[in-house]
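Both complexes shown next keep chain A, but they swap its partner, so chain B is in the first and chain C is in the second.
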Partner chain A sequence: MSSDASPTAIRSGRLAECATRLRIWWTMLAICLEERLAYRGDFILGTAMRFLPIVTQVFLWTAVFAATSRSDIAGYSKTDIVAYYLLTMVTRAFSSMPGLAGGVSRSIRDGSIKKYLVQPVDYVSFLLAARIAHKLVYYAVAILPFAVVFWICRSYFPPVPDAATIAAFVASLLLSFLLGFFMEATLGMLGFWVLEVSSIVFAYMLVQYLLSGHMFPIDMLAGIPTGIAGVDVADVVRWLPFEYTAYFPAAVWLGKVQGAELGRALAIEAAWVIVMAVACRIVWWRGTRRYSAYGG
Partner chain B sequence: MGRYLSIFGTFARACLVRDMTFRANFLLECVTSLGWMSMNLAFYLLVFQFTPEIGKGTGWSREPFFAFVATGLIINSIVQALFMPSAEELTEMVRTGGLDAVLVRPLDAQFLLSMHRVDFSSFANGLVGCGLLAWALTRMDYAPPPIAWLLYPLLVVCGVAILYSFVIMLAAATILMGRNQSLYDFWFYLTNFSRYPAEIYSGPWGGPLRALCTFVIPILLVVNVPARVIAQPLVGDAWWPVVGAVAAAAAALVISRIVFQRALARYRSASS
Partner chain C sequence: MHNTADATDRPSLEAVIRVEGLAKEYRVYDKPEGLGASLRGLFHRKSRAVEALRGVDLTVNRGEFVALLGPNGAGKTTFLKLLSGIITPSRGTARVLGHVPWERADDFRRRFALVMGQRNQLWWDLPAAESFRLHKEIYRLDAARFERVRDELVDLLGVRKLILQPVRELSLGERMKLELVAALLHEPEVLFLDEPTIGLDVVAQHTIHEFLRHVQAERRTTVMLTTHYMKDVAALCERVVVITHGDILYDGSLAEIVDRFTTHKIVTLDLDEPPAPGALERFGFPCEIRGPQVVMRIDRSRIADVLPEILRGAGVRDVSVEDVPLEEIVAGLFRSGRTRPAEPAEATA
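Entry: the complex of A and B
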């Protein structure tokens, strides 16, 4: 743009640029939506089956409560725990990114990432758009089995919380989506340095499954000593980002985190999203600089 | 029979040679499966922080329950090592027509398709299972009688046979449908039910589920029967599940064989 352009011309130029960007985003989203909808039968079946492990968990905890004289375990009553597992399913529906890290590292390994390097498309944005599309289709299909299961189990849930809590719950879910996305994308981009990231991804999944609260509420780790005075295992887990990808939103809905603590926790979650987004960018910049395009 | 055993020996040797060629990968796979397992054990240890037993009056307190878990590890590791790698390849073979090459060989197709690959790294979990079983049994108040020690290996074999029959049925479904990734996921979720004592499935939903998974799809007999024989007293009614597991294993093997043969008869080659 020439230096003597009028402010209006500059503004309309920027608008046009914005419109182009939006159009690119929309196209990326539309492509991915169509791709996902091609296998919808498989999708519905897969979603419904994901509830089966919860069924065994529910029976297991019911049996545990039947054998113990306690009315609650780490602050969770018999019904709370069922509600907790169901709610972590919702959180995982937002934060889990199946195939993301593996896909990124594969495209680095086989050289197909070149296509994004020469196109006027930012790869991270493309991945994000693809994920949003993936998730939108998933929710459209999954809402049915989710609704059925939650309706059947409605007696396990405490009364619906107030609007502020629901808003915090939704915010924590959206942040958990971003956190999960940036963590896995960063992991996949380690493929610029190591050829095969699958073992790293596996280790990540393991840690994530154990420490995110997916397997059990993190509160149960309170009081288990780490060997450092005044610090228990639950404290260590709270210093890590994993709890925001399963435990935290569920705890918000169940009213385990309230008031000022809730605001603080949401801020920490947002901070983790920013940290991971920046990490993802840095890894991308450094990685593409050393990338030497393998494959034909 | 002798011929098949020697052919299986050749397969196993070839797979061992292959695994040992990529030793680092082999070790990594062992570590991987041990990782999942230790995580589950940590979870069970955590559960026993809060309760003396699983289900009131079931007898599944900490040590017997770990004997149960060990039995599950042993059975699943055998199935994972001997049958799953071959079964997973079948999906691709049906789609690409590789199955044709198997069918023209002068060997039983079911044998070739379900046993040509052995994944030795899966035995790692089984070994840990044996160690865990020994640990649990030495710490238990109850010492299993000699008859329990005799029955245990037999019932473990029955458990493996039942799971093997499911793998064969899934393979038959793959041949009929062309391709079915979801069915393998279903396999994973189905075996999930066998991971806990049958007693936990009680109440208005659990009762029918338990009946379904015992009498229709005998998945609950796989781990429960051998584990109960070794970890709990063999009195009165305890004999019926033993008889049931042996009968179920025999029936499952026969039925899966018939289903598999029917499926093969309807197979039309995919490749040109």
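Entry: the complex of A and C
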């Protein structure tokens, strides 16, 4: 930045650069928030619709429990199941990214991505700001129906866990947001190679639905053998990113993951966030190179 | 055929854009008609290379206002995309403000702007003022200077009232004006405009011409614009570069185009009575006879001899002599571009 290159000058220069970048990002966030607020009516309807699948899940499990004489299935009682599904709704509110992959691939296809090649702005940071704004507005709208439903269903939940568990729960939620974001952004950027990513996104959603715990608690897969001695399906799923976007935070709140196991799981989740963030960068970098070479 | 821009007769010229042998080849896939062919296409697709730009040389100095003309598909937009770093070339080099554009360095990106007719940099659901605020941050503009420049640009275009209205509620012309403001807030040294007046009414076109001329003169911005409207060219550009089939066909002043590529003048005669059939053919070609009014094309080399003779004849009430319209000259120039062996079908279009 300046001609005098003393270490302190360099450090303060770097600090100033970081501050500038932070301010740019903050303005992006503010503007995305304003834009999102233009669509709040859309959100209200969307939030209401999200509760519908939960109701059908609860009915399904009620029927399952009615058909068996057992009081619990794979460690879940009927009330546990209701609590679990309601909690996965919270985690999905953090990790699901409606329209992200599709939006990225559309901007590649229709050429509006060019703007981010011409302007001195980082597209991934911009997407992140836009998504955080999206989520904040969503929470502002959704908090009320969520509160009502949780209040009505309060008897299904175990006592509120201790502070450390709550802290781990919050950390797992924030990481699940980042994980969901980077996975879907990366998927969307496959649009640099294929014309239409919707079928890839569909396949991803399917795997996601099965392996994230959205459909059933992942620990129900424990004890299902994979064919490798001593390894069951739950062990495999634990090392994949999916369960961290729905099952894991809910399981933390319900006290199903504790101690060293909790620490390890959080570390795996954080590692996946880093892997996907790096993947997203690489795909962006290679994708724009390809885009530039083949047309634009 | 090439006419090098006279770079010697003006003092202290600084080359802002320097392009050598720049070429861009696209690979296009032919999609034959019919379901059967489409199914075969799943396994084997035929592709061929299309050269959008074939080894172009060009130097543009600081403060020049250059029009890039050419028929559709001639390579104009490809050229602008290369210069703004959106695409990488197949061959050749380019330097804009000392940077290789497709390296997309932030330092370069803060110093130029690209406006593409339809593509908006403005946020659709927000007032333009908000997009401007974002530009202030991403281009790292000083607050006082940003406000001064914004107010100046907005007033020049007479759009101050519009900047607080959501962009989606604005007309095409209003949006285009605000796009231009957004593009110029960071006072770019180089400005690329891709058909900035497309679809606009005459008044809006005129406002934009005045605006661009003013801004360009004030800041000595280097401007390259593509357009299909000769009005844009006549109003703004002292230098014209004609591209056909990916080659530069002509590079020089607008006046010189008219001078070099017109063979005729258009002479309009207002006579007392309709001319006798065949009476005017010896002077030139009468293209339109409407009662006593006659429009003729007369060879430029003969005009000095022919005109007095016509006027000496009885019954000429009024006469006007004009150049062939610029559109026509340029259309002729486009047609004269050599045909492209790779795509014979397009050459006749």
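Quick note on the criterion: the second predicted complex is superposed on the first by the 271 of 296 C-alpha atoms of A that agree within 3 Å, B and C clash if a C-alpha of one lies under 4 Å from a C-alpha of the other, contacts with A are read in each partner's own complex, and residues count from 1 in each chain.
The definition used in the following text is that a residue touches a chain if its C-beta (ideal position, glycine included) is under 8 Å from a C-beta of that chain, and two chains touch if they have at least 3 such contacts.
On a predicted model such as this, the values are computed, not experimentally measured, just so you know.
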item: Superposed partners chain B and chain C on chain A - clash or fit; value: fit
item: Chain B versus chain C as contact partner of A:C18, first or second or both or neither; value: neither
item: Chain B versus chain C as contact partner of A:T56, first or second or both or neither; value: first
item: Partner chain(s) touched by A:S292 [first = chain B, second = chain C, both, neither]; value: second
item: Chain B, chain C and vertex chain A (Cα centres) - angle in steps of 10°; value: 90
item: Partner chain(s) touched by A:V64 [first = chain B, second = chain C, both, neither]; value: first
item: Touched partner set for A:L144, first chain B, second chain C, both or neither; value: neither
item: Touching partner for A:M28 - first (chain B), second (chain C), both, neither; value: second
item: Contacts of A:L117 with chain B and chain C, given as first, second, both or neither; value: second
item: Chain B versus chain C as contact partner of A:F202, first or second or both or neither; value: first
item: Distance of closest approach, chain C and chain B, by C-alpha atoms in Å; value: 5
item: Residues of chain A that touch chain B when the two form their complex; value: 42, 45-46, 49, 52-53, 55-56, 59-60, 62-68, 70, 73-74, 199, 202-203, 206, 209-210, 215-216, 220-221, 224
item: Interface residues, chain C side, partner chain A - complex; value: 26-27, 81, 84-88, 102, 104, 106, 109-110, 113-114, 116, 119, 121, 123, 125-126, 130-131, 133-134, 136-140, 166
item: Residue ranges of chain A in contact with chain C within the complex; value: 20, 23-24, 27-28, 31, 34-35, 38-39, 111-112, 114-115, 117-121, 289, 291-296
item: Residue ranges of chain B touching chain A (in the complex, touch as defined); value: 28, 32, 35-36, 39, 42-43, 46-47, 49-58, 181-182, 185-186, 189-190, 192-193, 195-197, 199-203, 206, 209
